[in-house]
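Some notes on the structure that comes next.
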Amino acid sequence: MSAPLEAKSVTMRFGGLKALADFNLVMQPGELVGLIGPNGAGKTTAFNAITGVYTPSEGEVRVAGELVNAQRPHEICAKGVARTFQNIRLYKQLTALDNVRVACHARATSGFFDALFLTARHRTEESRILARAEEYLKVMGLSHRRDEVSRNLPYGEQRRLEIARALATGPKVLCLDEPAAGMNAAEKVELMQLIRDIRDRFGISILVIEHDMRLVMGVSERLLVLDHGVTIAQGKPEAIRKNPKVIEAYLGDAYLEEKHIAITPEGAR
Amino acid sequence: MRFARALTVAALALAVAGCEKKQEPAAAGKQQAAAPAADTILIGHVASLTGEQATFGESTDNAIKLAISEANANGGVKGKKLALKTYDDQGKPEEAAVAATRLIVQDKVAVLLGEVASSRSLAIAPIADTNKVPQISPTSTNPRVTKDGDKTRPYVFRVCFIDPFQGTVMAKFAHENLKLKRVAILRDVGNDYSVGLADYFSAKFKELGGEVVSDQSFKAGDQDFKAQLTAIKNKNPQLIYVPAYYTDVALIGRQARELGFKGPLAGGDGWDSAKLYEIAQGALDGSYFSNHYTHENPDPRVQNFVKKYKDTYGSVPDALAALGYDAALVAIDSMKRATDLTGPAIRDAIEKTKDFHGVAGNITLDENHNAVKSAVVIGIEKNTPKYVTTVEP
Amino acid sequence: MSRVTEFLQHFVNGLSVGTIYALIALGYTMVYGVLKLINFAHGDVYMVGAFSGYYLGIVGGGGEPSFFRAAYVTLGAMIACALLGFVIERFAYRPLRHRARLTALITAIGVSFLLEYGFQLSPWIRTPVQFPPGPSPRFFPPLIDFGGERSIEILGATMPKIDLLGLGVALGLMLVLQFIVYRTRFGTAMRAVSFDPQVAGLMGIPVNRIISWTFMLGSALAAAAGIINASSRPKIEPLFGLISGLKAFVAAVLGGIGSVPGAMAGGLLLGLTEEYVAGYTDSSYRDAIAFTVLILVLLVRPAGLFGRVTVEKV
Amino acid sequence: MTGNGLILQVRDLRVHYGAIEALRGVSLEVSQGQVVALIGANGAGKTTTLRAVSKMLKPSTGAIHFQGEDVTKLPSHALVARGMAHAPEGRGIFLNLTVRENLDLGAYLRKDRAGIAEDAEKQFSLFPILAERRNQVAGTLSGGEQQMLAVARALMSRPKLMLLDEPSLGLAPQVVERIFSVLREVNASGVSLLLVEQNAHKALQLAHRAYVLETGNVVMQGTGKELLASPEVRKAYLGE
Amino acid sequence: MARAQAVFRSVLPFLLGLPILFAIQGITPPDYALILVSVGVNVVLAVSLNVVNGFTGQFSLGHAGFMAVGAYTAAKITTGLVGVDLPFVPQSFSDQAIFALALTAGMGTAAIAGFLVGMPSLRLRGDYLAIVTLGFGEIIRSIIENMKTLGQATGLSGLPPRTNLVWVGVSAIATVVMARRLAVSTQGRALFAIREDEVAAEAMGVDTTGYKVRAFVISAAYAGLAGALISHAILLATPRMFTFVRSIEVVVMVVLGGLGSITGSIVAACTLTIALELLREFQAYRMVVYAILLIALMLLRPQGIFGTREIWDLAIVRRLFRTRQLAATGPAGASPTEVRDDSTKGVV
């Protein structure tokens, strides 16, 4: 069986600028991969190339073996790649529940006709979507916010709602773009546990962009480091932390002295 | 049961709409209280007082007011005073229909006057028929206004001639009197009056053996006609037929001259207005248009009307005003002759109108409820209109 | 008339209409630039401009047609419309500045109706002038007398001198505007406000005042367009801004709304397109073809000729 | 620290976004000639505080005194006139204008043309890379260059207090060093700074005083050194 | 069985509504009938435009063009089939059946027009979309004005009088039911998502282009229905009835009612139509008063009458009826889509 997500020498050019060069990534089923690098290194560009927001200038993106280069985001989403956004992009005026229900729509089979004539198919679909959406809210601990308009949620919960929404599209690969941004230390620890739970529970692969080293090192099984669009290193967190290139480009000397960057949830409390 | 709720709301909205409307007679009642139905005959007028053609509504409304005040000064009709109620239709057919319905059913007018434009008269005509209230249109020249399929609409009349006649008049005049062979047409494509006249003119002129070398169009509200005029000029016509309203014709004349076209322009009754000369500033010298009347007509009746209109409103009445005045006169005259003031009685009286001396010619209504009357051809010299000839139907 | 002459004649005609569109379009585009608002009443400001000129020409007189009189009437109308623009912005748009854009669009439509239908009312002031003017068209008095021949000939194509003058004034105004926008402190501030009003405030730019001035500038240009148009086509009535306004709006979008050179190019392009369509094909489809050109241009360049499509950052 | 030495005094500042209270009564002070840093997680209210102080946002309640004057009700441009400059989050460069025009806008309220030109040259000597690009449209600058331009532009108004929002965001380490050394110079020339920075380490090294914000509240304050030494801060914000 | 139930549910609003409509038709005096017709037609127009402008957040100014397509199609059919009777049924029934056919055909052609207009133009956003839809509306009108078979500027007159309050009521119910069912369905939520954030909607699997086109087509179909109804009420179809000014009137209703609020559109359509009718007494001052009313209303209630909410979401109504909180009644919140289209940011 082919990997759920595969990027083969993907290059993105904007005008003369090479935002991403020869990017390679093979996600195995159930794998947790971290993508790190300084700001502007091309992490989000990589996300956009994978999820169809951009069409790669060169290279191939394959989802479950199928070439999806020229496809639009919703088609790629339907094939099983979901994402969150760096700057939260919820549907601000919709309720938490509706945000998730929109995502459930990716797997809907009924059409406008069914909705207008209230066919039996429409009704079963609606109740299925409702049940699914409520389940995802529950998983993300947002059930109590079900009917609240999403822009009124606190920051951390908006982040979680975005993850719930991405999960609701029923992905095989989940891409999280800085999920911990703006969370406090305690929330970050919870998030870490949550990411692991999601992987275990849904058996999906997760790709995380994150600046918080403790989080990304703690949660990832494998790390990719980007700098100026180039992959400068990849491997297990332990190895990455000691990689001199990474230290020079990104981590800085401070990290050499640290003994326990990857902390366990218990340790944090 | 969300849809049930939606439904309730819809029903509620309709009910509210209904209720609000129900309060209206109270508002209308005020007017009626001021002019109790017992000794007043109400005449309705649907006019475009606002919108693109507001100037026409204004003209007819002014003239009708004049006619009614004169009639009242002369003792009214059957011992009762006349009152006018005018509703604005913004120049829209839908609005004209609503306004006409309201005048007939709610205000209970005896006669309905209007509309100027054929498209709006067409919207009113069926309503007049259904409610058995006579409608007299002053200036709607489209043949279909008084027709319901092949039948003549029993309650719909007009005091003007119709497009086929007027178009033919100018075609004949151009071919026979002016001895021209090559003409061009510039029509207002968005205006039924203009399109109708242009079609009848073109058909007749070709039938007489002439040639239409160019047929161009514009849209009311355009400011610049040079593109069409350049194209026309390039075809070297001897005359340009511009069946449009004076609001556009003056500019067309000026621009034709600016481009060096020296021949005559020609048009229909829509040209008739003092504004035409004011704006054209001599650009239309040597041109001709067909009309219902000429305000030079020494007939005291005409001169009296022109003077009164000028005194009251400060401007020389245009053809629309003259015809509006005539429509009101025919209505008043018919009511005087009618056995009683019910719709059918007045209708019968109107139908019998014969050789009535209006300011815009003598009116005899034919079996199609069209006014059979002669047309005059007016020439423009030194920026003033001059009577040229009369063409009998 | 030879083919070349005919072509040239159409070019001259199209140019004269196009500059009018361009002048009005500039107002749309500038207001859009700073407020992201389609100032629906702009076409009516153009109409008011022509009427201000009419009243100034009648009442103020300035005596016989002369250059002085033309300048006086034009400047007077521009000032009057600048004031009108100020009032409209202050009372109809500013209270809705931070609301959804469609909201302000509705008040803009309201203002447009108010001006159109207000001017259509029959006069309640009768002396020394009649105001409101009422629906019937009025003759715009000649402001300038060229004496002798009214037109000149260029390679067989005729052009009225008044149109030539109008063209010159319009181009002059566009150059002045170009200078103001790209070379002055005010222009820089205006472009800054257009880019980001909040940050512009941080620079010490009085954002509200800049927006007011922009409105006034745009309205003054519309007034100038009104005068130029009315001098050449001396018929004015309360609704004559409707179609011109719409066309100018199309021109602004065609050029890329928010772009000053775009508005000029869009206006000229629309004027010439209409002219050639009407002159060489079926004039009854003139508007349809003009709109088709617009749609085709927008499909190829979704932000207009001079507009820049910014890729949304994800 | 005497009251007279304060250039900025903020008391009980509250800001609402719709129903959400983004600032829940923030009070802080900046003394003449000092560098004050605000640190805290994303969404804690740092940027909101700066925006409220410079009136990009309208505070619901609270009082702001600038150089002893109550400026709570004044609009942005009036504050600039009084000597406050704000280099906003995301740099706020007018990408459609040239570098030089951006600088000139920084001096919008100044009338002395010669002085402005002189100051512009001063900025160019401070950031030589900008001198090379002076007639280029700012949209063509790289992120680091834009950040330098933002700082240079803020300096053009000859401010007494400069608000800086994340000056190191998205910049390469050596550029960050350059920016911070410039800030040190600027401060040495007598301009007070109120700095929001994610790079808490750098910020606290530079700052005389610092405030820690959490969910719209000041939860800790002290000198830069104190906070650098504080175990809570080290754990929560310095990644230790 | 389940199928029968589904069918029943689907038509229930009409079953409930019909007796009421027949009653209204029976008791309404003729002078109110025409006004109620225009109220109903405006409801159909406003609610259907709301699907595009309010639900999907796309700014369309071409509604009048689709009205024209529907009106002329239906008029051609009814005038063409005048005097044709279906066998074995009474003539009145035959007439109504033909009218139903004409209405359906009008909706169909308008939908096709909507598709043809929507496919290319929906790549554009904001004001660019607005101007292109306006342009298409004018092109449609221009074509009609030049077609001999459509009567050019005079239009088609002498249409059979088929529109009555029952037809209008049924159409209004159909429109409201359509909008409502859409609003609470997964398809409708996809439309809301497009309005809120097109990029995020696309990323969550919503085929944004496809859905925008579908919303546009549905909306156009109902505009066609409205055109067919009004032309058979005044027995006339002329190009003058379908100018861009008509489109603007509908936009005004939608914005005044509150973008996305179905009840808001209904209330605004009723209020504006009736207000204009009441103002008729003012003659030439009518439109001036109307303009002032428009400005004042917008300044006083910038978010529209109900904002994006429905009437039953308003606190006062809730208190009156003590309705339980509806699960997910579409979008809620104070101000409508606060989208500042920055696509042309700073090109001045």
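Residue numbering begins at 1 within each chain, and the chains themselves are lettered A, B, C, D and E in the order written.
Keep in mind that, in the parts below, a contact is a pair of C-beta atoms (placed from the backbone, for glycine too) under 8 Å apart; a residue touches a chain by one contact, two chains touch by 3 or more.
Model, not experiment: these values are computed from the prediction.
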item	value
Distance-maximising chain from chain D - centres being C-alpha averages	B
Farthest chain (mean CA position) relative to chain C	A
Centroid distance [mean C-alpha coordinates] between chain B and chain A, Å	71
Chain A-chain D separation of Cα centroids, rounded to whole Å	33
Contacts with 2+ other chains: residues of chain C	117, 120, 122, 191, 194-196, 284, 287, 314
In chain B, residues with contacts to at least two other chains	50, 54, 189
Numbers and ranges of chain E residues touching at least 2 other chains	145-146, 177, 181, 199, 284, 287, 337, 345-348
Interface residues, chain B side, partner chain C - complex	50-52, 54-55, 57-59, 189, 216-219, 221-224, 226-228, 230-231, 233-234, 247, 250-251, 254-255, 258-260, 273, 275, 278-279, 281, 315
Complex contacts: residues of chain E adjacent to chain B	12-13, 16-17, 20, 24, 28-36, 38-40, 43, 145-146, 152-155, 157-158, 161, 169, 172-173, 176-177, 180-181, 184, 230, 233-236, 238-241, 262-263, 266-267, 270, 273-274, 277-278, 280-281, 283-284, 286-287, 311-312, 326, 329
Of chain B, residues touching chain E in the complex	2-7, 9-11, 13-14, 16-18, 20-22, 24, 27-28, 31, 49-50, 54, 86-88, 90-94, 97-99, 101-102, 104-106, 118-119, 122-123, 126, 131, 142, 144, 147-149, 188-192, 194-196
Of all residues in chain E, those that touch chain A in their complex	2-3, 5-6, 9-10, 177-178, 181-182, 185-190, 192-193, 196-197, 199-208, 214, 218, 308, 325, 327-328, 330-333, 337
Chain C - residues contacting chain E, complex	29-30, 32-34, 36, 38, 92, 95-96, 99-103, 105-107, 109-114, 116-118, 120-122, 181, 190-191, 194-196, 246, 249-250, 253, 256-260, 262, 282, 284-285, 287-288, 291-292, 294-295, 298-299, 302-304, 306-310, 312, 314
